[in-house]
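First chain written, first letter: the chains are A, B, C, D and E, and each begins at residue 1.
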Amino acid sequence: MNNTVIAYYPGCSGKGSSAEYDLSTRTVLRHLGVDALEVENWSCCGSSPAHAVDHVLSAALSGRNLARVRSMGHDLVTTPCPSCLSNLKNAAHAVRDDDVRAKVNSLLDEECPTDVEAISTLQFFLEQVGLDTIQEAVVNPMPTLRVVCYYGCLTTRPPKLMCFDDPENPMSMDNILECCGIEVIPFPLKVDCCGAAFGMPRNDISSRLSGNILNMASELEADAVVVACPLCQMNLDLRQNQVNKACGTHHQMPIFYFTQLMGLSMGLSKKNLGLSKLAVNPEPCLARAGVR
Amino acid sequence: MHIGVFVCHCGSNISGTVDCPQTAKAAGEFPDVVYSTDEMYTCSEPGQESIIRAIKEHNLDGVVVASCSPRMHEATFRRTVERAGLNPYMFEMANIREHVSWVGRDKALNTRKAIDLIGMAVAKLRNGTPLFSERFNVTRKLMVIGGGVAGIQAALDAADSGIEVVLVERETTIGGKMAKLDKTFPTIDCSSCVLGPKMVEVAQHPKITLYAASEVDNVSGYVGNFTVQVRKRAVYVDWDACTGCGLCTEKCPSRKTPDPFNELIATTTAINIPFPQAIPKKATINPDYCLQLTKGKCGVCAKVCPVGCIDFEQQDKIEEVQVGAIVVATGYDLFDYSVYKQYGAGKLPDVITSLQYERLLNASGPTGGHVLRPSDGAEPKHVVFIQCVGSRDKSKGRAYCSSFCCMYTAKQAILTKSHLPDSQSYVFYMDIRSPGKGYDEFTRRTQELYGAQYIRGRVSSIHQHGSSLVVRGADTLAGMQVEIKADLVVLAVGIEPSRNSQKLAATLHISADTDGFFMEGHPKLKPVETNTAGVFLAGCCQGPRDIPTSVSMGSAAAAKAMVLFSNEQLESDPQVATVNATRCVGCYKCVKTCPFGAILESEDRWKNPKAEVLPTICKGCGICSVTCPHGAIQLNHFTDNQLLAEVNAICPLPTI
Amino acid sequence: MNVLETMKKCIREALPDLDMVMGWEQGFDTLHATPLFMETAEDVDRLILGPTCVQSLAVHLPSLKGKKIGVVVKGCDSRAVVQLLSENLLNRENLVIFGFGCDGVVSLSRLKKKLGALDFIESAEKKDDRLCIEINGEQQDLPFDDICAPKCLTCSRPNAIISDHFAGPQRTPRIPAKGKTALEKFEEKSLPERFDFWKAQMQRCVRCYACRDSCPMCVCRDHCVAVSRNPHFVSQEATASENFMFQLIHVMHLAGRCVSCGECERACPMDIPLGLLRAKSTEVTSALFNQEAGLDQEAVLPLLSFNIEEETIEEHD
Amino acid sequence: MQAITIQEQDNDFRAEVERRSGQSMVECYQCGNCTAGCPFDFAYDLPVSKIMRLVQLGQREIVLSCHSIWLCASCKTCTTRCPNSIDVAKIMDVLRHMARESGHIKERTVKAFEDSFLASVKKTGRLHEVGVALGYEMRTGRFLTDIDLVQTMVSKGKLSIKPHSMHNSDQVAEIFKRFNGGIHE
Amino acid sequence: MPPSNDLKDGGELRIIGFLCNWCSYSGADAAGVARLEQPTDLRIIRTPCTGRIDPLFILRALINGADGVLVSGCHPGDCHYVEGNFHARRRLETLKRILPISGIDPERFKYTWVSASESGRWQETVREFTAKIHALGPAPRMTDVVSRSKDLSLEGLLLQDENGGA
């Protein structure tokens, strides 16, 4: 897979609270011979607040980014963030309707293209890089590391829009990590919600939902939870103490991005994978797994 | 010609939106129409009498009735005009109910349309000719396809009336799904006690020939004279010799063979007899698991068999059977519920189907009738039943109700309580459908006497949590989410037509509805007939049915066959193709397109090539008529001129 | 030996075993040829081959079924023979085919348009790609392409594709000239314009049935539905609509069978461009069924067969 | 509890929900699967299936003034599992739009968060997380929200005081301006 | 719900339907039983099978001045006579593609498949086709007067374009 160039939309949190996701994704992609070309002058997709306010506004905010991708001469863009992905896909799908496209374009300076497709970097790893290539790059398998994969809501939902993996029992991350020589425990709450954007306005709700996930992970004696979503990661990791306080628990559960573990298995440096940016210290867990 | 037109009011069904008197008056203006009138109910006894009277009084030689669909009453009125001495094919119908009064709202437009349709019928009739049937012999032998309870009933009823019956069963034993059940609702009587004697009767009946482990490969011919090719699958045992002693099954070393009779919750031996009451009670080798057949070494069964009936070289055998009628009773299969990923997709051991649960409840099942859950063999305490899994679910392509799940779920809840007095059952349902004698009382009893808790709502997901299953559902009556920690979950999985039924439909030239169930001849009046003469339906192959209804259908189908066989000879439908030999140039284009091989490459007296139609084989499709450029082959009653007359009646030939 | 002499020799040799051989002889002048039915060796002397041998003799074959017949065929005529064979309308064993490579035939109607009435023809001869003709005392030298039958301009099969005897050299197929065909130009017209066009043409049609009678694929003859009362598809009135109905019956009966010999249009005394209808039908059936008529004796007529999945037909849901 | 007068149901409401969501309300047969799977049900005042029923009954006031429509996080479990393939989450979205438009704001903090989020995007083109937090606190007066996270975030280098830069952020602001100008309707 | 019978422009047009007895005629009956309202223009001719429908019937109807012709049968693969609709599909498609050369609008002819159980689909089909024929308006007739002023030879027709285009 040499010299593949893909358009890459990091998403706002990639420049802030999930900097390590952005960093580790780029690091692993580069290691596998993929150049992630950042979308020029991208802007926020509007996330869930935008579509909670208006579907046309939401499509326009993402539509602007699709237009940016088109202007780079690309017709495929990848993003690590499921929420961004959901909005980009929604916009790309919505503008196929002439009526909606007219409304969206009336908000935009440049027309929203109808031929740009968005996929997640997770899907890109699975379908375009391929498990074989990933497996070949693994130098440091971690057979004693027991993890659960937590996908959250939006990676595969709604299935008609996302067209990726099984909406009830997704296996893409499981398969990638098993390929990386990591033990993946079947996780029944794979697609339950972590509380999403309610961390700030209704912390009571998100704490309870994130708590369920952490409880189940620790009951299954997982060493860590692996995620593919910045919002899930934030709720489970940065807010883990809030969860502990609200639920009366004492979790110290590391929450990795799957790209970080991919990188570790490929022998890439912790620094380039942003491990130090995780709120719950992953070192004890990694030490147990024999990662230095 | 002297044509009479009779316009039916059909109560207010037609006259509500069509001006019948005006229609009749206008019909009187059509050429050759000498009499026209309107009647309240043309199909009623007085209605028919007035047609007969009119034929005699006005010397009619053709009749048009404008009423309902010809698919409804064409046969009725043909008999009526025949009673008055007319040829039954000098009769036409104008469909002014289904195609006019019931679909159009504007009375003036409807009336005009009704008049037009009568004009078309009159035009067609003016180009019609009397047709005469041929008589042919009937093979008084019935084939029943499928040996479940419906097929067994049909076979026994027909055989008891003296008809030879051939019963073809795909599995190695008859009995169907009912043989797997423990008890039946709403009487809680033992399923095998009811069915067992009937199975034995089949085996012993002198008029019944049973072909088990057999399938229908091909069917040709027509009502009264079908030729059926039956494939007898290789079972690697000479059944004529096998005594069913079971010695081979005791010694067979391949003990991990999946057991379909036990719905795959248990294993059996590679050579096996599905269950002790099997009919025929003969051993069968599963070639995928037999060590001799897969690896070429073992042969223990052959060594121990006291009569030497093991035959590893046995091949499939095709036998040809001549029958006069066929009853299809191929039953159902369970919907593949693994598409419900949120219910574990078949991967959670303690989430099982209702039919698997029957085997756990059944004393002859793998647990000897003790309810022990598959994962750890423990007795469950909290048992959750989920209804409508693969029923009434459009998103899974199953919009229909499987009809009997509500009742067997109630039965299973009762049986759970009697097997495990300390247990508690929960039933998630959307609606309780219990419209039968004693049925609703039964579901009430399930709750009132046996304490099953009914929760109105669907289940969103099931996941494993430790050794229990967390069932997350809703109680819409309370308007709350509910969660149950269950030890065992039983899915009332919906039913679908049994596998390969699509292929069988094509073989038999019968049609299937959008869900794949075979189509009955008429939803009300011909529930066990099909649109192919001589082929009848019984049981779940026609739609979800419970046992009593399946049995009734079996009897009804047998009765239909008896009616057919009560005639020494049958009359052929004269609506077949005929060749005008003077026009035929012998290119045989028609021969090439006939799907039934009903046209022969023949010759006339002067050895000129001519096509010839075999009227008993011709099914009257008319494909041939269109292939012939000179119109030498015409389909009776649907001739070019009859159809052109209809066209010209609506759109008259233009003049300059 | 030239082509004609070779052909004569072949025929003379074969004649004793045959009831008759069909060819052409000169008509009332050198521009017109008429069919020649050769039963004796002397008859053979009158045979000609050349640009005036316009008519397809295949048209006579079905009515002679049962006799042992020889027939001289150009490339286009041979396709009719193949098609008739494939439809079981001829017996191959009773047929001897004399083929040759055709250089193109003249179109009298194009010639008429150029020269006016063709009354006093002294001589007509093809020299390379020109036709030299002496008419009303004047010598005319015309490019052959300007006065040949339109079908010859795009002829892809000048040589008989089936023959027991082949005389002379093989001719090279024509590469169709660039530019739109008449059909393509006609199809640029709107539907109402086309309809009005046919209406006007059909008002001119005299229902002489020359188109039908010259068509080698019209095999119903006395039983043609155009004149029958059972079935009664079309009335005898020569109105525009009945004439058009007749023409469209002819189109449908030829669908997948027309061998594009152009005889119908040539035979039409009113010069109605029936070739447009034929060309469309051929275009449609070859696009749908990937099959051209008159090329393969074993072929099954596309309208007598089907595929369960038709790749070229969009499913009408 | 008040009785619903069936003949007085607001059919326009139901029609508007159908038009804006592209879903057909009549297809809902009240199986309750949406409620069964909803992760937020414990926090709802009306379960999803009841909201669906009340929309069927044209109960504008009851539906638009409930809390639930603000608490849906669009996790789409309901949409994914609906046996009639109704996009329930989209209906919840549309109801929230309608509630906003008609001034039925039952969850002020949720609205404040959404407003702060969009204000930040409008201002800088990309989301500035600190900006959102500050905006939210200003709007709600809840000045201590997530104060416990600040230290961690700072130490991990995840709290930038300045927004991440992009050119032409005015293009994004322009989208909002046109939207508020109501061009798209 | 789209308006059904509201074709208030100048009344009915002449639409002929050819339906196979087993699927579409049954389906149309079922639509009647279910009282699925339809426009009234259509007049149905019952045939045993779409394989019985000669394309010449359709041409006859169109030349006689029918404004629309609708053919419907069993879905391919479901034919009561196994192969009838496979033959019909080839014949009808051939006709549909040849029609444009005659100047008859091919949109005036539609063939489709409706099974006995698809009463709703039948209603939709009738509504849509009727609406389409009304949009096309009455069909031009062979008996209408042709303007004699135009040169209606082929050359004339084709030249007119070249001159006009130049």
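We adopt the following convention: a contact is a pair of C-beta atoms (placed from the backbone, for glycine too) under 8 Å apart; a residue touches a chain by one contact, two chains touch by 3 or more.
Computed from a predicted structure; not experimentally measured.
Q: I want to compare two interfaces, B-D and A-D. Which one has more contacting C-beta pairs?
A: A-D
Q: Among the chains, which has its CA centre at the largest distance from subunit D's?
A: When every chain centre is compared against subunit D, the largest gap points to C.
Q: Which chain's mean C-alpha position is the greatest distance from subunit B's?
A: Here the answer is chain C, farthest from subunit B.
Q: Could you state the distance in Å from the CA-based centre of subunit A to that of subunit E?
A: Averaging C-alpha atoms per chain gives centres 54 Å apart.
Q: From the mean C-alpha coordinate of subunit C to that of subunit E, what's the distance rounded to whole Å?
A: 34
Q: In whole angstrom, what separates the CA-based centres of subunit C and subunit D?
A: Each chain reduced to its C-alpha mean, subunit C and subunit D end up 76 Å apart.
Q: Quick check: how many Å separate the C-alpha centres of subunit D and subunit E?
A: Taking the mean C-alpha position of each chain, the two centres sit 50 Å apart.
Q: Which residues of subunit B are in contact with two or more other chains?
A: As it turns out, subunit B has residues touching two or more other chains at 342, 461, 593, 640, 644, 653-656.
Q: If I count partner chains per residue in subunit E, which residues reach a count of at least 2?
A: Within subunit E, the residues that touch at least two other chains are 55, 60, 63-64, 83, 87, 91, 141-143.
Q: Out of subunit A, which residues touch more than one other chain, so two or more?
A: Residues 167-168.
Q: Would you please name all pairs of chains that touch?
A: A-B, A-D, B-C, B-D, B-E, C-E
Q: Mind pulling up the subunit E residues that touch subunit B in the complex?
A: That would be residues 5, 12, 14, 16, 21-23, 25-26, 28-29, 31-33, 35-40, 43-49, 51-55, 57, 60-61, 63-66, 74, 78, 80-84, 87, 91, 115-118, 123, 141-143 of subunit E.
Q: What does subunit D use to touch subunit A in their complex?
A: My answer: residues 39-40, 42-43, 71, 73-77, 79-80, 87, 89, 93, 96-97, 100, 107, 109-110, 112-115, 117-118, 121, 125-129, 132-133, 136, 145-146, 148-149, 152-153, 156-160, 164, 166-169, 171-172, 174-176, 178-179, 183-185.
Q: List the residues on subunit B that touch subunit C in their complex, please.
A: Residue positions touching the partner: 582-583, 585-589, 592-593, 627, 629-632, 634, 639-641, 644, 653-656.
Q: Which residues of subunit D touch subunit B in the complex?
A: 27, 29-38, 41-42, 46-47, 49-50, 77, 81-85
Q: Could you please specify the touching residues of subunit E with respect to subunit C in the complex?
A: 55-56, 59-60, 63-64, 76-77, 83, 86-87, 89-91, 93-95, 97-98, 100-105, 110-113, 140-144, 146-147, 150, 152, 154, 157-158, 161
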